[in-house]
Amino acid sequence: MTYFEDYIVGESHSSYGRTVTETDIVAHAGQTGDFYPHHMDAEFCSTQPFGQRMAHGTLILSVAIGMLAGEINEEAMSYGYDRVRFIAPVFIGDTIRARAELVEMLDHPRQPERFGMAHERVTVTNQRGETVLALTKIYVVNRRPADKVSPTASHNESGL
Amino acid sequence: MTYFEDYIVGESHSSYGRTVTETDIVAHAGQTGDFYPHHMDAEFCSTQPFGQRMAHGTLILSVAIGMLAGEINEEAMSYGYDRVRFIAPVFIGDTIRARAELVEMLDHPRQPERFGMAHERVTVTNQRGETVLALTKIYVVNRRPADKVSPTASHNESGL
Amino acid sequence: MTYFEDYIVGESHSSYGRTVTETDIVAHAGQTGDFYPHHMDAEFCSTQPFGQRMAHGTLILSVAIGMLAGEINEEAMSYGYDRVRFIAPVFIGDTIRARAELVEMLDHPRQPERFGMAHERVTVTNQRGETVLALTKIYVVNRRPADKVSPTASHNESGL
Amino acid sequence: MTYFEDYIVGESHSSYGRTVTETDIVAHAGQTGDFYPHHMDAEFCSTQPFGQRMAHGTLILSVAIGMLAGEINEEAMSYGYDRVRFIAPVFIGDTIRARAELVEMLDHPRQPERFGMAHERVTVTNQRGETVLALTKIYVVNRRPADKVSPTASHNESGL
Amino acid sequence: MTYFEDYIVGESHSSYGRTVTETDIVAHAGQTGDFYPHHMDAEFCSTQPFGQRMAHGTLILSVAIGMLAGEINEEAMSYGYDRVRFIAPVFIGDTIRARAELVEMLDHPRQPERFGMAHERVTVTNQRGETVLALTKIYVVNRRPADKVSPTASHNESGL
Amino acid sequence: MTYFEDYIVGESHSSYGRTVTETDIVAHAGQTGDFYPHHMDAEFCSTQPFGQRMAHGTLILSVAIGMLAGEINEEAMSYGYDRVRFIAPVFIGDTIRARAELVEMLDHPRQPERFGMAHERVTVTNQRGETVLALTKIYVVNRRPADKVSPTASHNESGL
């Protein structure tokens, strides 16, 4: 378990890559009900500036969040996202990967003695290294209870 | 087509309702790769405070955005989301609906003569009227070119 | 709500376009259990006159009916289809759109004082304008109860 | 291969049973884009006379046609459906099966020397034996070429 | 119904062909949670010796077993598989077919008077005739009860 | 990277739990084409000894293998499975988890100087701790090249 006190600003992790497929777009239209021709009509898209079908913004967002899901930390809970920005379109065949970097640890506004807020900067890039999506993911994280000594601290102490 | 000048702050529209099903959660896990036991393991969930499997946050977000997709406005483009907040869990069998209200029209920061920004407040509620998700959806909207008179204006003028 | 008396023969509406994908065919095979090599085996199809995998007839029919689903009219109920004809094959990558035209309003055979029958001619075309599917969609529509004056009529009367 | 001359009016075959699941309805909404609350909103449905979510008509039709797909006959080609009638609603958990009976063999209207038309009566029933869907499925069937003797005939002759 | 005594070693049957699609791989990742870049990341794969995305072994196995599912024999029950070997990769666009040959009939180790074991050799080949997967499928099969004469035997006897 | 020399017989790892849903079964039928009434017809199943729909064996196998997919080891390659045994049925709502234990390390039969074979015993249990599936998963693993010293060895040496 990782408590608020264990988080280290600047640490980051990256996902594997994943190619966004026509299947993903059709499945996402089917899940959300958004069958806009920008996603589903190749003929229409060929007449538009972008020239081809684009992935839904919520598809890229959902896949990116999913790709970053790693080990479960029972002491943290998803709170929300800030500044979600769809920076560039993602097309069928593009390969995306996501990177999360811990950028800020804040006190919880109302219960600072119990919780903190972790802000992770999530960046999704395509195979050319272009950023296609960026957002800040916010967690509420438990502070370490007084009766639970950090394993690192304990290790250090035992090393005395 | 609806230009920046045609938007009316305070206008709102609501979606139909949709029941969130086990199928939706399993499909969303499959689309995103997030198979956390909070979503997929009914045994584990029965030992937790929430007692049952919860929908992924990105599922509710994606469905809500999709449910609000109505007529296409070629003069507007999705820009991003602000202050996405997962306020309450959504469980299998809950019925959600989404409502969008235009809350603010802003100048585009860099090209105010060509574009504006529309801020819509999106609220997702369950069958008990509880808000489960809230966010601000931001569009970039084209300003009306000088050579395109508004239909309303034109109508008014012809009424003189 | 739209009653029998409000329908206007000759009125029509058209859907957006949608590209039929390999995903749609694989998903439809999975939903129906029809894995015939005409739909699923590209090697076999390359030896046949049509040369490539074909969409299931029921896929095109289902998508067309779905693409035409617009505003809900609580006063109408789907009754069935007549003369469903699979006129030309649909291949992966074809883009279809559907058009519905109200062609006939009939009395209900047994309860003409309460219901009427609306016949819509549905035509599905591909990106070359070729008709691939045609059918007549039949609804049972409620007649306007005596105590419900048509909004149009009411407007006209108030205009006296 | 079965030619026009081999069909026997009155012959029938039946499918296995299949339980219509919430998954089927959610998947069919996703394939067709029809998310009407009659199919997707359990809260709304509980306020309606039918009381619960109903399967799409095109879902039951597609599944029924798929369930009857048996051995491939290269000498027959699907032509269309007549008199498709949605007789009773199908709800989640209902188990349907389909039965097809050959009811009529007709000459092809324009090329009677080469083709015939086979009319199959398809009936879909639920677990209470109630008919929920009926339709006539029409095939174009090749007549036996003069140089291809029927295997039965050939067997009979060799038996002389 | 087919009893142990009715099985004939050396008999075989083959499936139709089926083209393995990108959709199948994405759906299988979604069903199993295995999103390894070998299956999902076209960029990564292009840097590897195999050069492109590969189907999951369990996808090919599942599809092969499904393709061979024919008439139901209520007297047989799936017991397991032996020597499942992934012999060659299957890529998007490959067309596979499966063949099953009955290779051995054994007594059931503990209840030989009631059951036997049928061993089927399953071979999956691609469009170039290369074997991509091989396994032995094992069934437990009921022996014919003393009071049930074989239809063949009965036919022979009545022919005396 | 983990070479043959780094594997430790007796080591094991376990997956999270996952509830097998009706959705999983319907999706697996759709992926494989196996719509046997044992999986799909609740009415039929209610007349059978097992009383309810059963998951496909290949579904449980595929999910189990997927649930155990952890960190990628580029030095190992899936070879096949031995003694796959379907020990008990899995029903809708059962929660399974998988455990893999390294049970044996063998020389590669033909190229023992380059490769070894790792045998993992995979056991899938349900929420009552009953084993429902067992198999041996076999990998081909690269031996450590002479020019790559093990990090542990190197650490030990540096510790001298």
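When the chains are written out, they are named A, B, C, D, E and F in that same order, and each has its own residue count from 1.
FYI, a contact is a pair of C-beta atoms (placed from the backbone, for glycine too) under 8 Å apart; a residue touches a chain by one contact, two chains touch by 3 or more.
A quick note: this is a predicted structure, and the numbers were derived from the prediction, not measured.
Colleague: Which one of the chains is farthest from subunit D, going by Cα centres?
Modeller: Chain centre farthest from subunit D's centre: A.
Colleague: Is the C-beta contact count larger for A-C or for E-F?
Modeller: E-F
Colleague: Determine the centre-to-centre distance between subunit B and subunit C, using the mean Cα coordinates as centres, and give it in whole Å.
Modeller: 29
Colleague: Distance-wise, how many Å sit between the C-alpha centres of subunit A and subunit E, to the nearest whole number?
Modeller: 41
Colleague: With chain centres defined as C-alpha means, what is the inter-centre distance between subunit C and subunit F in Å?
Modeller: That pair's centroid distance is 47 Å.
Colleague: Do you know which subunit D residues sit against two or more other chains?
Modeller: 22-24, 27, 30-31, 33, 35-37, 67, in rising order.
Colleague: Which pairs of chains touch each other in this structure?
Modeller: Pairs flagged as touching, ordered by label: A-B, A-C, A-D, A-E, B-D, B-E, B-F, C-D, C-E, C-F, D-F, E-F.
Colleague: Hey, which residues of subunit E end up touching subunit B in the complex?
Modeller: 27, 29-31, 33, 35
Colleague: Give the list of subunit F residues in touch with subunit D in this complex.
Modeller: Touch residues, subunit F against subunit D: 22-23, 26-27, 30, 35-37, 40-44, 53.
Colleague: Please output the residues of subunit B touching subunit D within their complex, sorted ascending.
Modeller: Interface residues on subunit B, with respect to subunit D: 16-19, 21-24, 27, 67, 93, 95, 127.
Colleague: Can you check the complex and tell me which residues of subunit A touch subunit B?
Modeller: 24, 27-28, 31-34, 36-37, 56-59, 61-63, 65-67, 69, 72, 78-86, 135
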